[in-house]
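You will see subunit A twice below: alongside subunit B first, and alongside subunit C after that.
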Partner chain A sequence: MAAAGPRTGDSTPFTRRGVYDGFRRSLPVAAGVFTYGVVFGILARQTPLSAVEALVMSAAVFAASAQFVVLDLWSRPIPVTAIVVTTFLVNLRHVLMGASLYRWLARLSRRRVYGTLFLLNDESWGLAMRARAEGERDAAFLLGSGLVVFLAWVSASLLGLTAGSVVSDPARYGLDFAFVAVYVALLVGVWEGRPDLVPVGTAAAVAVAGGAVLPGNWHIVAGGVVGSLAGVARDAATGRGFAHARADHSGATPESATDGGTGGAGRD
Partner chain B sequence: MAVVTYLTRVGGFWLVDQVDLSDAARAWLGYVPGAVLMSLVAPHVVGGGHAEFGAAAATLLVAWRTGSVLYAMVAGILAVSVLRRLPPPL
Partner chain C sequence: MTTAYDPRTIWLIILAAGLGTYVLRLSFILLFGRIRQLPPTVEGLLRFVPAAVLAALVVPAVVSLSLTPAPALSFRTGRVLAAVIAALVAWRTGNILATIGVGMAALWGFGALG
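Entry: the complex of A and B
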């Protein structure tokens, strides 16, 4: 892959127009992220996390699923190791997205690359990959898309944190179930069909069994690691190869995932 | 959190700059989110009562049909608050 390398005399555009296009074309997605951010703010109010901490988290971490997941872990004293390990596991998918962006971004300055990648998120990645499949060459598209999603996420978190204070007894209204419901919905979002049955089923069994014997929230890490490894082991054992070595769970269209996703690390 | 998240964001680009991920490694990474999410859900559903089980099913249905996290969450909350007021069916 790296052998494909930069072609000489062919620079990648990175312009203000690209930022604008990415921003504008990501507005509908940003609206969805906004509702989601409000939910995060409301849920964060029910945890030992302070409003300021939650807002700083939204701006500095800017990773919805990881933030939802660690809300469940948050307690005093803060279980730092469990939070860091869980965050890492939940965000590992970014590694694949970053890898798939390599060919597009390789000729930019590293300052631009690593700055833009701070704003990398599932939605922007999917949109940028689709735009590129449609002929977009300006890599600033990803920056613009990341910016609008970032603004939506942080402002929505603030709104949720403010509005969430009106709810005093969450369990009475079933609001304690909101966490579980969000995870179920996210799970439906990442579900890609029958190949997921083994890893997800294994994770369920390990997490339930682990919850009975493991301290704290380590059953989540155990379920995540053992379940995902079970998926790979099944792939290896069935000899059908790693057809499921997909690049994302981002909701990108199959076409865009085929075009730019899994190909990023292997095909070129 | 911020640091490890940023590391995962730049890590992929950086890695491909250095080495090539094997298909097995990429497959493993692809399975992680589903496995982690199920690990979060399963103990709540298995350890809960009929209300949690029914509400999880309602959430699943709405999420699948609408693709909206927000609608699914609202459905789950409504279902659990109603079911908790009803006796178990069995």
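Entry: the complex of A and C
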């Protein structure tokens, strides 16, 4: 792999060494992802999903929180639309991450960008942004980091699926609470302080109210959308949104998107 | 557990979720020629979505609203307490496995409370 970017003659490096660095420096995080992947595999085994289907989901979706949501919302008949919409919402944060990476990746060949971004995940994003802030220029760092986290996630899912079939029917009661615990952990992870109180409180209230009147799992979608809108409305009313815009005159700078954070490294 | 789910529906969901996630990851590169900057409103919206969706997943699992005979909130006491304990563990340790373990143990402990 040559160090030079293709065709445009630019200087964004993308080297084997970058892949290696990203891989190596992401190993501790990958170990955390591994334990989490085992939990996913075990829980997936308790649903009607087959092991192959769950494993393909881990490789194709490669987004822990979204995959937990898919398992959790699985009921009969399968609420296809609600599952897909909720998954989409849970993953919307990737738009922000993509925005923050834009300048770094913009001059790479499409093949490299598409491959690297397929492996984009919260942990790698956080590590790569930190590395870049510390002077890393090699965009292959993100690819290497994505690779090790991907390998950890998929192999852990496989292990969990295998272990989950040995443990037959482990305490069906309370199993759904494991999902609640996962969501609680994720929520605490993305919590950025008091500014989140309005969107989170609104989302909770709308979801509970919606649960009484909406079919299927649409109360979750409604809570997520209305809660986020409430946060934006509060920002507009208090002027916070404008301060944000002022710092962001040049578009997708890493700083602005990091500031608009998504919980950063450590959790997905 | 052995009910027949339509495999095509399952694969459709996996495909849609995978493709949708990939498109989100690529979105900025795909749009780069047209949108150089996210409007602040959109950026603010994206910031709040994860926390809002997670709250919408958690809270209805422990509190529900019934409209008949009269509007009333019913708290599943054991679950509320277990969720609060899980949140404390998550806050203190940042460890998802510990959160699940302690949360579920707490739920079993509070089982008598419903």
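What we mean here is this: the second predicted complex is superposed on the first by the 218 of 268 C-alpha atoms of A that agree within 3 Å, B and C clash if a C-alpha of one lies under 4 Å from a C-alpha of the other, contacts with A are read in each partner's own complex, and residues count from 1 in each chain.
As a convention for this text, contacts are C-beta pairs under 8 Å (C-beta built on N, C-alpha and C of every residue); 3 or more make two chains touch, one makes a residue touch a chain.
Since the structure is predicted, the reported quantities are computational estimates derived from the model, not experimental observations.
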Given the superposition on subunit A, are subunit B and subunit C in a clash or a fit?
-> clash
Now for A:213: first (subunit B), second (subunit C), both, or neither, which partner does it touch?
-> second
Report for A:78: first if it touches subunit B alone, second if subunit C alone, otherwise both or neither.
-> second
Using the superposition on chain A described above, determine whether A:49 touches subunit B (first), subunit C (second), both, or neither.
-> second
If you stack the two complexes on chain A, which partner ends up touching A:41: first (subunit B), second (subunit C), both, or neither?
-> neither
Does subunit B (first) or subunit C (second) touch A:188, or do both, or does neither?
-> both
Starting from the residues of subunit A touching subunit B, keep only those that also touch subunit C in the other complex, and list them.
-> 35-36, 39, 57, 60-63, 65-66, 69-70, 72, 83-84, 86-99, 101-102, 105, 113-114, 117-118, 120, 174, 177-191, 196, 199-204, 206-208, 211, 219-229, 231-232, 235-236, 241-242, 244-245, 262, 266
What residues on subunit B touch subunit A, complex-wise?
-> 1-2, 4-18, 20-21, 23-24, 26-47, 52, 55-56, 59-60, 62-64, 67-70, 72-73, 75-81, 84
Enumerate the contact residues on subunit C facing subunit A in the complex.
-> 1-3, 5-7, 9-18, 20-22, 24-29, 32, 36-38, 40-41, 43-67, 73, 79, 82-83, 86-87, 90-91, 94-97, 99-100, 103-104, 107-108
What residues of subunit A sit close enough to touch subunit B in their complex?
-> 1-2, 32, 35-36, 39, 57, 60-63, 65-66, 69-70, 72, 83-84, 86-102, 105, 113-114, 117-118, 120, 173-175, 177-191, 196, 199-208, 211, 219-232, 235-236, 241-242, 244-247, 249, 262, 264-266
Residue ranges of subunit A in contact with subunit C within the complex | 35-36, 39, 48-49, 53, 56-57, 60-63, 65-67, 69-70, 72, 76, 78, 80, 83-84, 86-99, 101-102, 105-106, 113-114, 117-118, 120, 174, 176-192, 196, 199-204, 206-209, 211-213, 219-229, 231-232, 235-236, 241-242, 244-245, 248, 250-252, 256-257, 260-263, 266-267
